[in-house]
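By letter and in written order, the chains are A, B, C and D; residue numbering begins at 1 in each of them.
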């Protein structure tokens, strides 16, 4: 989910946490996880913005803290004093009603506050939040608890962005810094692609409020779907290389018009981070430069590349409704950030062609533009200010990635990016009319 | 319909014309209408490309002729000799399989062929086509007749573009050239806005093949719609000025994020062609500079402006499905190019709140991104090469405009433009959940 | 001379014409010559602006007329009525004190006034000027005569631009229109390059006012020059091809830093209008596409290319002072626009290594930035408003070209263009320290 | 001196240092001074590139070390082993013959090597250089001593850039970091401007080789100058504000054409770092935000602003020859970097209108384009590779600034920047014809 386009949670005014202590623990756990993500970094790594889509790590750390300050502390605590009067200006991302913002594209020009000062800021906010949660009344808990919940989810989104952004920062450095060095077991065989079939029907799509959800997942609503099939696994690097070798990037008839223009302008000839060295494909991962693993799911491709690949195969991408129907009651599990591989992994066994890799590994491009569900409503006030404002020109992705927390994802989760974006862990699964 | 994004007709291999003579007559009629559109022009007017979206009039005249040459004459007539070997290169627009193309953005740099030479080219093509149609076998007629039909519709699309492009060309000229001078009767009263309600249901959307249609209208398919209401008329200039006067262009909370960025970057403060002079709004029409008529439908607004206006009212734009359901079995009629007003006109009477202005006047922005219908298929070969290739980043518009021919429009017709486009005759009608 | 950078004549308040009738005749002759330049053009050719540096021919025709209107008729004739109130806005080029101007870069977007209307405008101005000159008092003649003289020279500058601009317009057209078809006699032999030596001395540089001159040629002043040598002829295409074949365009050590950046950015690999076809160099001339003639002077190169070529040879370009000293009392003659070759020609004989081609053929790049002479003064008022304002970032060229009138050039004439410009007839002559 | 445009020293093959120990001491002193400049910086401050002209401080530290490695250690020491194989690629600035370079505009995207690693690199180079100088033969000393000298001067240039670059980095940060806090004594009175006159003569300009000089100062040569006057002091902020208040930035007639375009495009309304707050001018200095001191020399203006100001006064800028003549045998002294004010200061007394502020305070824009002196020669090899390559489009400045070392400047020193540059300490002194 683009930081430009964070959406905010709504849970039908229902408490989605068990009790006060539970909430405090989850707050601490998630806040600490941000720090653990930064462990491998040098001070200088926190500062860089390698392209406009990327934010410096220290900005992510400060912005997620500012969120709790702006939406909880400043409202809930009388005479709350912020650590620095300018932080609100520097670390607000887009909430216009909250005040002026520092221009996104030049976040990488700020040497101050220093990383150390940002950590002080985080501690300051954490202490105040925990103190508040420990001592607030039940009424206050009922009022601010859901916003804490949003803040927790908001921080988890930024944790994913921290990883994808630091990957981009490292990738532009000729010294090829290495972020991590844990590897999954080798997989030598990937099962042949098959499709699972679903019948024509009126399906119910969206979040019914029984679990936490962002506003864009509501309301649950009816959708008429023709019968369709969905591939039992993700597309692999091997399959994508076949597309490349067949001249896929040069065959305009496979591409959306805007996509082909984008490919030409940006000189795309392979997924982002790939490089051909002496006839072999290498790619940059958070674990360093490696030969492309043929059995891993293909990753870091735009919607346009996913769509062109699908057309090349004769199939298509699924709609987001189809994906959600297929996700059905699959138990959430897979290759998430908790695995610490920081890269999609090959399916480790042939599961009798059960649907595999639906969650984790890569966000899966659907063919659905990101638009409001029928009956969609925005929330009042700054928190809900922009709920619908990103609903143009973007495409829905589903399922979470190797940089997503397993505690963050759900089958109704709608992520969205511009069709030309590639720096997230993005891949594809095929679908077809049946 | 964007010239970048012409789609091509398919009619399920069915003859959609009665007989040979009828087809010849329709061919002649439409080809002549292109010439009649050019009557008010000076030679110099044919040459100008005032922005990349605009093509010079002489390019339109040549390109529509090239179409018949490339898809009929070169295939159907043995040893057919084109008038000039380079014309195919110059006047191909985007059919990559047909060969290389002259870059669109610099069509306005070509002084040659001259206008006179383009007319000679048109005559040459016309004579060959008519000759062929008069003399071909029934088999040939069955094969090429549907392509003639596409060529006729293709030319009609370009006739609309000729008008909108020449309007833009004239608009940048400080001398304010006047194209036409026929005016509709004055209307002093516009009925208060009301909504017509439609029940929740599974509806059938799309063209069933009983009349001609472009491929993007197929297949007819089921869609589940919640109950909805649709406004009985278009939004007027008067209503849009209220939005402006309320600071609508400055209130970011009303806008899609990309839309507000577009408004800021392009300094939009009113519809295209509007100018505030001494406290009053004036606009440039094909009939010259005039004070804005408050009762006319608002026109030349982007999707972003239409969407922001709708949010300001508390309503929304209709989906294309809703629009098509509402269009139901309304008889096609209204203010089309045949009226020669070349501008939308106010509703001339209060029709008991029947749905008015559904056809003609302005293309109506829907809230639907332009995507393939479920089961959509492209045609083989160059003609079908790009049927789906414009299905990203664009928005569907419905109903035709004052620059569309009444013989060209139908209720299943899907026009599409980028959300930032404004130079077509584009306006809006509100909708709501019921 | 760039139309951005026309300078204006000053003649030390001296009458530089003999008498009233003579002035009228010269006015008519020069005005008619503009029309004769347009003879080969179609109406459409007058309208195109193929790059920002280029102006449409009809703009040149109107602008040169506007000059006489703005600086003579509006001042000298009581109640003078311009033909159209907007022409002054459209055809003013840069004289800010005269009023607002239509943006230069979009002169090519104007279809109106038509070519015919521009001709009517020219006639209107001509009649008024001639009538004024025939009937004005001697005092008026003394006052306005020098401005007529400036206007005549101003028109001659634009005649050269009309030719170079129409050449560029034709060059971007894949149909390769031909402007003229007169060819010079073939030359089979070019004499070996030699240098003529001049001693160290204090020289006098600049115009002493005994003939007409632009203000930038004044005052005549002393300059200390070391001894130097100057090549007896221009560099030929053959010599320039040696530079190309030696990889000259790729050897950064030969280039000014800004020049190499310009060459890379614009992908220069040969002079403008050159194209390599199956191993042979072809170039576009006003006489059409031809194989490059090896003995002709090289033409359409930027200052950067001239400088890199000179460094490659081990020599250098001359300073403008050196060039003027060398021009000494050479009688003006050579290949000017009156020859109607519209391209530089090879030296037709070996002239015992006398200085050849100093005048005509190509403007010769010097190594002198365009700066004011010591003691330079601007004139009061709009005419003199901008005399010095182009004296930054441009380089002086000397000697006139095949598109210059022999009646317009003189040895003190300082032309100037940006170092990256190539569309004028620009070439080079070597010099060296002795 | 632009880092794009460093020139390299040549001293006519003469040893310009006394002895081995002296050279070692000067090497140590200058190298240490770079570190002392960094004292006030946080790690994060070293990383930022706030605009393309600016380099990150850690890049300067590494690049100046690389210089000694590339031109001394790699040649003089057998089997010299660089600390990291990629550093040569990362820290080469423009010496093409030395190998590929990392693109200048994205130096700010590198988090690695870290600041600590760069310090280790510096130490490594220092130890090797000192070891070499202590142990090399006299022949080696004669060969490499002059290059050490160039390296020392090269480092001093970068010390000035480090200060101007860090100033720019701090200036874009809304937190307004403060670099230093030493202030000069207040000055309440600045003497009225007067001009010192010099007679018409043939003067000798340039470095005669009796002291160290860059190649662009050679050879000493004769120049003919008319009589001229030069102002006895720099222009003050007070005088520049008069220009602003008179609408100087809006009066196109005062500006060079390119300058006015630059002012409009960049929205210049005052010197760089100035801001009007509630009717008063404030400016950002390395000592923080302060009200503009009226008596200080104006600073951070482009050539275009200096030129427009001069035209507004009726005077002009001096040529570089005039400046050098005026500098005559003035003893070098003034407000240099050793003062640690890091900003120009007001003249502290009325010196009977003796020439004041000729050295230090601000680099003074001359009206002379940066071109080679007559007889200029480049050195062979990479060191001399680019001696002349910056001699286009730039303007000469003279005299050094408050960020220059007093040990680095001399009267023949030719600094040069593009006319639109403003981030160096640049100001102006008037001159006139006499």
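Quick note on the criterion: a contact is a pair of C-beta atoms (placed from the backbone, for glycine too) under 8 Å apart; a residue touches a chain by one contact, two chains touch by 3 or more.
Everything quoted here is computed from the prediction, not taken from an experiment.
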Co-neighbours of chain C and chain B - touch as defined: none
Centroid distance [mean C-alpha coordinates] between chain D and chain C, Å: 38
Computed distance of Cα centres, chain D from chain B, in Å: 60
Touching pairs among all chains present in the structure: A-B, A-D, B-C, C-D
In the complex, chain B residues that touch chain C: 42-48, 50, 84, 86, 89-90, 102, 106, 108-115, 169-170, 172-175, 177
Chain D residues within the chain C interface of the complex: 4-5, 94, 96-97, 202, 221-226, 252-253, 255-260, 303-304, 307, 367-369, 371, 374-375, 385-386, 388-393, 419, 433
